[in-house]
Amino acid sequence: MGDAVAALVHDGDTVVIEGFTHLICFAAGHEIIRQRRRDLTLCRLTPDLIYDQMIAAGCARKLVFSWAGNPGAGSLHAFRRAVERGEPPLELEEYSHFGMVARLSAGAARLPFWTLRNYMGTDLPAANPLIRSVTCPYTGETLATVPALNPDVTIVHAQRADAAGNTQIWGLLGVQKEAAFASRRVIVVVEELVEEAVIRADPNRTLVPGLAVDAVVVEPWGAHPSYAQGYYDRDNDFYVRWEAVSREPAALTRYLEEFVFGVHNRAEYVERCGGLEWLRAGSRVCAGVNYGY
Amino acid sequence: MPPSVTHTPAELMTAVAARELRDGEVVFVGIGLPNLACNLARATHAPGLVLIYESGAVGAEPERLPVSIGDPSLVTGSLMVCGMADVFQCLLQNGRIGVGFLGGAQIDRFGNINTTVIGPYARPSVRLPGSGGAAEIAIHARRTLVISRLSRRAFPESVDFVTSPGHRMGGRSRRELGMPGAGPVRVVTDKGILDADPDTGELVLGALYPGVELDEVRAGVGWTLRCRERLQPVDPPSDRELTLLRDVLDPRGLYLKG
Amino acid sequence: MGDAVAALVHDGDTVVIEGFTHLICFAAGHEIIRQRRRDLTLCRLTPDLIYDQMIAAGCARKLVFSWAGNPGAGSLHAFRRAVERGEPPLELEEYSHFGMVARLSAGAARLPFWTLRNYMGTDLPAANPLIRSVTCPYTGETLATVPALNPDVTIVHAQRADAAGNTQIWGLLGVQKEAAFASRRVIVVVEELVEEAVIRADPNRTLVPGLAVDAVVVEPWGAHPSYAQGYYDRDNDFYVRWEAVSREPAALTRYLEEFVFGVHNRAEYVERCGGLEWLRAGSRVCAGVNYGY
Amino acid sequence: MPPSVTHTPAELMTAVAARELRDGEVVFVGIGLPNLACNLARATHAPGLVLIYESGAVGAEPERLPVSIGDPSLVTGSLMVCGMADVFQCLLQNGRIGVGFLGGAQIDRFGNINTTVIGPYARPSVRLPGSGGAAEIAIHARRTLVISRLSRRAFPESVDFVTSPGHRMGGRSRRELGMPGAGPVRVVTDKGILDADPDTGELVLGALYPGVELDEVRAGVGWTLRCRERLQPVDPPSDRELTLLRDVLDPRGLYLKG
């Protein structure tokens, strides 16, 4: 992870760490904080705890997003301090979920914009002049548009990939595929590195092909406190505890010192957490399907 | 003993919301009371209700109470899990969603909802999470239901920021603005039900819960609340509804305590 | 199948039977011919043998398509006679594959049009005035557009579905998902009807949810001479033989008499073919994945 | 014995086309000679070539010779199978395709290809299949390779219908028209190789096969063919190439007989 971030994530980059609740790559976020990246434009539908930590650590210049909260548990207080009090200053570019999905869809298709029927009657276009409109060449009606998002680097966490980066995900898929194809560089972080034969045995499961991937990092438990379907459960207690940590700048600084700067890598983080085996997933293995002919 | 003592406001709101759902409808669900309302409806009069989460899980039957909209228990055993581009394009914008649930920090006289900021956008006094999928749900779901407790802070005459559009925005109707869905037709509160007037879009009192005085409701909204000519009667949660909510759907009282 | 076609496919309808080489529902096409539907607008990327048969049988008023050939074997001669000699007359509306995919994507998203970077330098827009353009509200560049395609009825062949129409497909996916969501009515035809629990065991495999499906028809071998991955192979000999049948109007009529009008249903068709067991797929079952948490 | 007797024209064209491919490139493949050329390249100098079919199979390693672009053998054991919307948007339009193979009934002086009609569009003398994915491949692939046997019918000065654009359409260059890819940079025929002139886009003779006279090539095109100042030498298929083609890749001679 250290090498991948050093080589592929630079100061000033536009960075996407995606994953809708599922497969959020905290391991990559922590490494970016440890390597003290600055002036990043962080993009993500749901900034979640990891962007709250990156904002608190001073990595972010700007946030592009659609829902900034601690799902089911409260607020992202580092984010709120930045917006409400400018501590530290943070530029915002705000959409709805559909708008962010559409931005990444346009990016993945290498079109300059995407069309959607949305935003009439809302104050979002007034708050964000990049939400514009286009006239349908068939019906004459006006539809909303958002500009393509083409990040410098996207980090996709996944259950498994082969060494060439052919990546398989199951469970919630979020916008991982769109983000990967939209991006100039892609880092795939996996729970498990598998033989190419495992990928080839079930090709419909592949979400991102190796030809779109620049680096594969093997990082078990890399999504904690978020989760990886079939590998480990969401650490809801951590999300609940974050409310108090995040609310107190001193507590947040202590957290970063202990769990981010205070460890060298993910294995040490897991150890510092006291082990995470209690989150290990139970078994609900599905049957395979026949690819024969 | 008056009914208000035998159940919590959250239980009453959940039961009332559940009764709004019809069997076979497709519902875009959020976590918390909407999720409980949907599952109560499934367990009672609407077994064929299809639950869709914006995370991409369709037809989920979670074996535990999900604490986030992307909880793994919503995936295991669901009918379909698709990417979010499909959720917003092929399901929501496509017009497949019958009912969307919304809540918000502020709901105004015309059903506009604010989940973005309290105060000015550039330097708010309180920064809220933002739209998420709420803006497009409010525009596309065939109708939306809002669940919120009454208070003057939560129900101002007009919201600080329109995240999710209601009715009569700048004097123009939803139809004039090209919105496919009917918008927030009903707001389920802890004291009664507000309905959007079909002509003006204004929220008016449509039902008062047993034991609640009209003045209590009026004190909870920031405009002069009008009433329908005849208020609908509302039954308190039945024993069956309460048993399901307390023993089966939220046994740890995560959402129904208060 | 008889009931589904009788109830859901009407004279004058716009009909899509999709499937890119894989899972082409010949069974539905034959039933439509048997029920003597007329004035249909047939849409499909690759009209293939089944639309050649439907054109020959007089079902079609118009063809909307992007590649009309007998893949790997020759021409669709009924189609060619209609276009080259007007026997019978057939209106054409022609795109490229990307254009057809885009039309169905717009239809599925219920947008009036779709944007693509295409068609500059080709004669296709001159041949089809529905290929138009739009100006990007961000860059000012001109991009091509195609109008949404929203068929009256789409027929999707699939490996399996439950009784409620939750449909799973593996192998080539084509544009089946887009076609189903774009359509007013959807008939799913499956090799195998399965319990809901089979669908729920692997929800990422579901391509079309039951809420978008109007009828489920169980029709084993329903895609012959095309194929169903994991069930049976493509009957390449049939595709090769079609060249001679299709070239001779009398031979084509005899084929329809014997294999379409001369049988009542798919089971009789299979019998008339002398059985199709020789095409039965071998076993290449993949491993399952863990959906536990 | 001269080399022209020891191999068929199809074998020579396939071997020459294979040598055009570089290791690690991503190729959009068609059935027939392009498929054989790619697999020959994989078996010799380009083991890392990634094959993509417009049907959605990526990195296929078929265990039998596929007879259609959607053959089930292209799916079994491939690296990824995706829907066609992803093929055209996320792979092709995204700019991920290095090389596209095209063929056609007519190829003209500027590399424009016709696979639509011979004669007028409204009432053609021969109705061809149409574009399929050819139009967008010609526009988006970083470069395209054309394989076709020479004949005046197949190489007219200008095509009856431009299905897939080449160079200099109506006097305007690909760049002026906004096409991302370089277009048909090379045409592999049975007598020699035609290259697109980098300045004018005109197809000019770049290489002559051993034993072929210049006049034979000139007789096969419908315009006055110009030659590069120095023609590149072309080796006939090596024993290894021929063995692979005949014994491994097309043992039944499905495509390589003629």
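Brief remarks on what is shown
To keep things simple, chains are lettered A, B, C and D as they appear, and every chain counts its residues starting from 1.
One rule holds in what follows: a residue touches a chain if its C-beta (ideal position, glycine included) is under 8 Å from a C-beta of that chain, and two chains touch if they have at least 3 such contacts.
Fair warning: this is a prediction, and the values are worked out from it, not measured in the lab.
Most remote chain with respect to subunit C, judged by CA-atom centres, is B. Chain geometry summary: the mean Cα position of subunit B and that of subunit C are 41 Å apart.
Subunit D has its Cα centroid 58 Å from the Cα centroid of subunit B.
With each centre defined as the average position of its C-alpha atoms, the distance from subunit C to subunit D rounds to 28 Å. Counting only residues that touch two or more partner chains, subunit C has 110-111, 116-117, 141, 170-171, 173, 177-178, 201, 204, 227, 229, 233-234, 281, 284, 291-293. Each of the following residues of subunit B touches two or more other chains: 57, 72, 75-77, 81-82, 89, 93. Here, these are the chain pairs in contact: A-B, A-C, A-D, B-C, C-D. On the side of subunit B, the complex with subunit C involves touching residues 26, 50, 57-59, 61, 72-73, 75-82, 86, 89-90, 93-96. Chain contact summary for the complex, subunit A toward subunit D: residues 108-111, 166, 177-178, 181, 196, 199-201, 203-204, 206, 209-212, 291-293. Within the complex formed with subunit C, the subunit D residues making contact are 31, 54-57, 67-72, 75-77, 81-85, 88-89, 92-93, 112, 116, 121, 123-127, 129-136, 139-140, 161-166, 169, 174, 177-180. Of all residues in subunit C, only 110-117, 130, 132-139, 141, 143, 145, 147, 159, 170-171, 173, 198, 201-202, 204-205, 227, 229-234, 281-293 touch subunit A in the complex they form. Residue ranges on subunit A touching subunit B, taken from their complex, read 20-22, 45-46, 65-69, 71-72, 75, 79-80, 83-84, 86, 94-98, 101-102, 105, 116-124, 127, 141-142, 170-178, 227, 229, 233-234, 236, 239, 281, 284.
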